[in-house]
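Below, each structure is written out as structure tokens.
One chain, chain A, appears in both complexes that follow, with chain B as partner in the first and chain C in the second.
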Partner chain A sequence: MNGIVEVHGLTKRLGRRTVLQDLDLSLPAGSITVLLGSNGAGKSTLARLLLGAERPDRGTIRIAGLDPLRDGKELRGRIGFVPDHPDVYDWMTSSDLYEFLRPQYPRWSPAIEARLVARWSVPEHTRFGELSRGEAAKAMLVAALAPQPDFYLFDEAFEGLDPLVRDDVLAGVLEEIELDGRAALVVTHALDLAVRIADRVAVLADGRVAACADVEDLGGVRDLKELVGSVSR
Partner chain B sequence: MNSLALYVRKEWRDQRMGLLGLLVALPLLFAIVCVAGDGTAALEEFLRPGIAAACGALVVFFGVGTDLIPREVRGTRVGFLARLPAGLARAFAAKVVFFAAATLAVAAYAAGIALAASLARSGTLPEAFLGAIEERSVLLAIGLALWIVAASTWVQHGALALPTAAAVAALLCSPAWLFFGPHSILEPTLAELRAFAALCALGSCASAGAAFVFGRRFGANQSSRSVLAGAVVAVVSLAPAWLWSAHRLYAAHHCDLGDPRFTIEDVRIDADGTRAAVDGVLGSARETFTVDLHGTAAALPQTGQNVPRASKPVDLSPLDRLGPMVPDGRFLLAWGGDVFLYDPGTSERARLAVAGGETIRADFVFAASGSSPMRALDLPLVVVSGDFRACLARLDLERHELIPARGSQGSTLRLVGLGSDESAIVVEDNRRLVRVRCGSDERDVLLPAAP
Partner chain C sequence: MDWTVDLSADAPPSRQLARALLDAIACGDLAAGDQLPSVRQLAAKSLVNHNTVARAYRDLEHMGIVRGHNGLGVFVSPAGPRIARDERRAGTLAEFRRAAGEALRAGHAADDLVLHVSKLRIRRIA
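Here is the complex of A and B:
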């Protein structure tokens, strides 16, 4: 399979603990994959490895044919990443952040930026340190979507949103994600969110992708819960 | 606006409160110093613009520089900077630009305050921006402070970060400090100190860059990788200073025979006459060289032993140059380019011929052993000097002639040893140990040895 993201035999140890063990994962173009798993399953570690923020102990990672460590500079411009907590400077406003990021991403779309800021009512002149977690999450999502990357990586990006706002945000994300020749990986604990946006779900357990299924083949959240429960036991 | 400018602006946004605080604090500091030190010489020094600028720069080093990178590390901002396309390298470049600009700006500001304070106190501007002595201290202080800034970027941040950084910087700089420091016996030149300060600027920048860009790039163990990267680059950067210090230290205890300042101070020949110990001097360096005399026996010249004092010579013209006394009580005397035997009792003078028919210009004649011209000569070796050239010669009183050693050169000669075969060992021009032979043009340079 030739996916946008190809991971083979990935092993990562943190201290004495093996977090990922011979993990294989392929994210085909045009798909949104949700990565599920219990706490400590290695979801965020995998996200960091995909970003090039960690060095694997073994195995290969290719994103759009590029190695995150060797081709980091080029690849970082082709990944739209939202961390679980905003990692930008507290004194920055979303307007400051977009101004800071804009020259670094050649495909940055001011139209997408303006559209999403307006749609989600992102406060443009309030410092991140003073934003609520949901507001900050929306601001970070704009920063990940406006560059029109080849690979979207959302690490528990929707956790701080209240349910009503989250639906609107998810709708906006689904509308703006351009999946033609691209892929998205959403790391989350929220099964309903997975069912809502994913084409495929992958469940991490024991350092591997223990289960992988198309959402269409699953009946709903209950089936997904059973799937996660079965591999996590 | 390009991304570097955006990063620099980010630094300004990040550091502006601290920097503005310094701008407010500096005039207060100057005011306090002026009040406390009024009428003291130290105050006059402090109000020199160069000293004030250096103080301003040091305040930026410790107030801003030591927090430029630890500030990022304390939060989660390194991860943010690392995941952006420009990466940590661009962020670091912007930090360097910002730091340099802030240092220059605050240094200029401090110099301006000093000028204003000086004008206000005395109505005149200071005579000098920075004296040579102050420049030495300033260069050393800036060099060490830059390493403290660099080390603060790669030691573990926390309450003891700055003292730790200072200790690490002191450890790094100590080998070079022995040479460049204020108590160095090697007396580094101002050019060397400037080069050292420039090396510190480049090296500390490279060390901080390696610690930040490579040490914090990814993964766990960032702190230890940062220390490793920073320390390795620091050691490599300071290696030229250490090597130069070692070279200077070596040179201080070793004489380069090819150096034109080298002089032979003393020569001692051992009891069997086969080896000579030569004490050389070059600046503050002293070194003793052992020279093999190639098996030809040599002895120390003995002069002036058991010789009665002569009566005071008379009937000499101002152009006569009286030389040493010979065993029969007469004197050697140089006049008109020739050497004469002069009898002070009768005022009779007899010209000495030069063996081989060649002439030697003789403006002066000395006992070759260096004894006083007024003392008797035991050994019939003399140095004839004229036209800035000296020639060793043996005196043959029976034949009334001088037998020159035509291999001798130089403008000064000092006899240090005698061979059994009419050879002599001399020091030429205080820098060459040479064996020559009277009645011959033989010449064997013993020190420096022929390559």
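Here is the complex of A and C:
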């Protein structure tokens, strides 16, 4: 299979613990995959490996045909990443951040940036350190959507938002995300979110993808809960 | 129009959306020739993914209710409202038969049920 993201036999040890073991994952173009799994299942480690921030002990990762370690520089412009906590300086404002990022992303769309900043009322001149959780999440999502990347990677980007804010954030993402020829991986704990936005869900347990399903084949949140329960301990 | 998707329902989101659109077309909220929201717009409104909306649109297209015009969007077909009404009628009739059968088995008198239906009709006209 030739997905936007192809992971084969990925193994990663941290100290004595094997966090990921022989993990295979393929993210087809045009799809959103939601990655579920309990705390410590290795979701964030997988995200760091995909970004080239960690070196695998074994296995291969290809994103749009590129190797995150070898081709890190080129790949950075093709990934729209939202970390679970904003990884920017507290003194930066969102407009500082976008100015800094714009030249690094060849496909950065000022139109998408402007639409989302307006839609979400992202404070442009408030420092990140003073933004609420919701405002910071929105500001970071703009930075991941405006570059029109090949691969969207949202690491718990929707957690900790109150329900109305989360709906507002989701609506903006769904309006602006471009999936044609691209893929998205959304890491979350929220099963309802998975049923809403995923084409496929993958459940991480014991260091590998222990279960995978098309959301269309599931009967809502109940079935998904059962699926997650059947592989997690 | 209500585009919310019930996550606890057994029907997958795409089928729920197709059903909501079918209702909207059957009752005239969307008339022949009217344009449906773009996939993106409806995805954002109902908070589901693009492919889910596209699947609902495809289902309606297969039924002849809507028609996609490349690049222009998706429109209610000339025969769309009639097909949607027939479809809703067939579906609701089957549901009604099942419910009426259950009511009879539970001991309701047939005459009483007829009375209930007549009352509903009066309420609708009024």
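What we mean here is this: the second predicted complex is superposed on the first by the 232 of 233 C-alpha atoms of A that agree within 3 Å, B and C clash if a C-alpha of one lies under 4 Å from a C-alpha of the other, contacts with A are read in each partner's own complex, and residues count from 1 in each chain.
Here is the rule we go by: a residue touches a chain if its C-beta (ideal position, glycine included) is under 8 Å from a C-beta of that chain, and two chains touch if they have at least 3 such contacts.
The structure presented is a predicted model; accordingly, all values stated were derived computationally and were not measured.
K.L.:
Overlay done on chain A, so just call it for chain B and chain C: clash or fit.
P.N.:
Here the two partners, once superposed via chain A, fit next to each other without clashing.
K.L.:
Per the contact definition in the header, classify A:A118: touching chain B only (first), chain C only (second), both, or neither.
P.N.:
Once the two structures are laid over each other on A, A:A118 reaches no partner at all.
K.L.:
Using the touch definition from the top, say if A:L179 reaches chain B (first), chain C (second), both or neither.
P.N.:
So A:L179 only meets chain C here.
K.L.:
In the overlaid three-chain picture, which partner chain does A:I32 touch, first (chain B) or second (chain C), both, or neither?
P.N.:
The answer is second: A:I32 touches chain C but not chain B.
K.L.:
If we overlay the two complexes on their shared chain A, which of chain B and chain C does A:A53 touch? Say first, second, both or neither.
P.N.:
first
K.L.:
Touch check for A:Y105: first (chain B), second (chain C), both, or neither?
P.N.:
First partner only, chain B.
K.L.:
Once the shared chain is lined up, is A:D167 touching chain B (first), chain C (second), both, or neither of them?
P.N.:
After superposing on A, A:D167 lies in contact with chain C but is clear of chain B.
K.L.:
Please indicate which partner A:L69 is in contact with in the superposed arrangement: first for chain B, second for chain C, both, or neither.
P.N.:
first
K.L.:
Once both structures are aligned on chain A, how many angstrom separate the closest C-alpha atoms of chain B and chain C?
P.N.:
It comes out at 27 Å between the closest C-alpha atoms.
K.L.:
Taking the touch rule as given, give the residues of chain A at its contact with chain B in the complex, in rising order.
P.N.:
14-15, 48, 51-55, 69, 72-74, 76-77, 79, 81, 83, 85, 87-89, 91-92, 96, 99-101, 103-105
K.L.:
In their complex, what parts of chain C are in touch with chain A?
P.N.:
Of all residues in chain C, those touching chain A are 5-14, 40-41, 43-45, 47-52, 55.
K.L.:
In their complex, what parts of chain A are in touch with chain C?
P.N.:
30-32, 167, 170-172, 174-175, 177, 179, 192, 195-199, 215-222
K.L.:
Hey, which residues of chain B end up touching chain A in the complex?
P.N.:
Result: residues 1-3, 6, 10, 13-14, 75-77, 79-80, 82-87, 218-220 of chain B touch chain A.
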